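A quick write-up on the structure given underneath.
Labels run A, B, C, D and E following the written order; every chain starts at residue 1.
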């Protein structure tokens, strides 16, 4: 999964019926900048500026009642920003 | 999902029969430039220059009537470019 | 899907039986250079130098008669190089 | 799979019920730096600073008792950092 | 699929039972350097320094007798390094 910030909403009136009812949110991945913004479907009510946990790929289907053509789903709202302390011992940078 | 711009059409006469009937569109991802152009199948009638919402991977199958060897599908047409306002509070840039 | 150029063949005598009968082709993605060369299985008879349409991931299984441990499959031969004209209006470069 | 270092925990109280019971760990991939940190679910009890083996995508489902919306799972704890000796003969750098 | 060089072995005593019996190999992708090293499971007996063909994602399951939480599997040993000759005609570099 990835942790990302909700930075915008997407409106798409002409879409497959099975996408009806989902909010579509633009997500900015929090860690590093290599991953582009992407769009995740949301049923948990995440608001702009909130940190969310997103599952991508087929994993999204395992939270939904019926098969839906989405490849990214908000699966949790993050309580607090995780503190990142990278020990230099275990890491194996080349 | 990703938001992308339709920038061209692809013609492939010799292909698997199950691909017949789909328009094949070259998509330029809108956010950031790291993601390459790719090809998405389309049944919604997206035109060149339009912004579309694309699901990638197996998610595409969940919008189709029968299994089809496509890994990217236009699942919606975007009404309006989402406004991007990145709050600096939540983001956790290293 | 991606559009790529067939640049070489791969020979692998010791492999899973279910891979028998497929040509294995080295594909150079045409758009941008970020994506590395990769290997796709082929049943359509693509030759070196030809442009092909490749589906990646589980989508490949939906064109095959039986489950096969391949994650990239040539699903079409491209008639003509798509002309790329990127309108600057719709794009949302940061 | 990838080898990564556990660098933090993630707390998400509001999440899908099926995610209950899993520890959520921030993983820093060990090899190279191109891959961003990401979050993996864990049932094996990996602690901070430990090296873990993570499976990503649908593979995670094959270790779990029921379908769960996670796309990365710790599937093993690494005994020792693998020694990396890259022979220059076989490699085919361009 | 990708072609990679086996550069090391990984030992993980505490892992899911379904991973027992597989050798775990660190693979260095041969083409380009953008792809990080990763770990693939192996049943074909690939040795260090050998070139292997690896399938990633769910494709790996289609070679195995039972579902296993692995996302990369050695599916063939490469007889000879493929000769790479990139014709400048078909390529469509921007």
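Convention: a contact is a pair of C-beta atoms (placed from the backbone, for glycine too) under 8 Å apart; a residue touches a chain by one contact, two chains touch by 3 or more.
Keep in mind the model is a prediction, meaning the values are calculated, not measured.
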Steps needed, at fewest, to go from subunit A to subunit D via touching chains: 1
Labels of chains that are neighbours to subunit B and to subunit E: C
Same or different contact residues where subunit E meets its copy subunit C, judged by the half mark: different
Centroid spacing, where centroids are CA-atom means, of subunit A and subunit B in whole angstrom: 18
Rounded Å distance, subunit C centre to subunit D centre (Cα mean): 28
Shared-contact residues (touching 2 or more other chains) in subunit E: 3, 31-32, 34, 57-58, 60-61, 84
Graph class of chain-chain contacts, one of line, ring, star, complete, other: ring
Ring order of chains, beginning at subunit B and proceeding to subunit C: B, C, E, D, A
Residues of subunit E touching subunit C in the complex: 1-3, 29, 31-32, 34-35, 44, 53, 55-63, 73, 75-80, 82-87, 89-94
Of subunit B, residues touching subunit C in the complex: 3, 5, 7-16, 18-19, 24, 26, 28, 30-34, 36-41, 48-51, 57-58, 60-61, 67-72, 81, 84
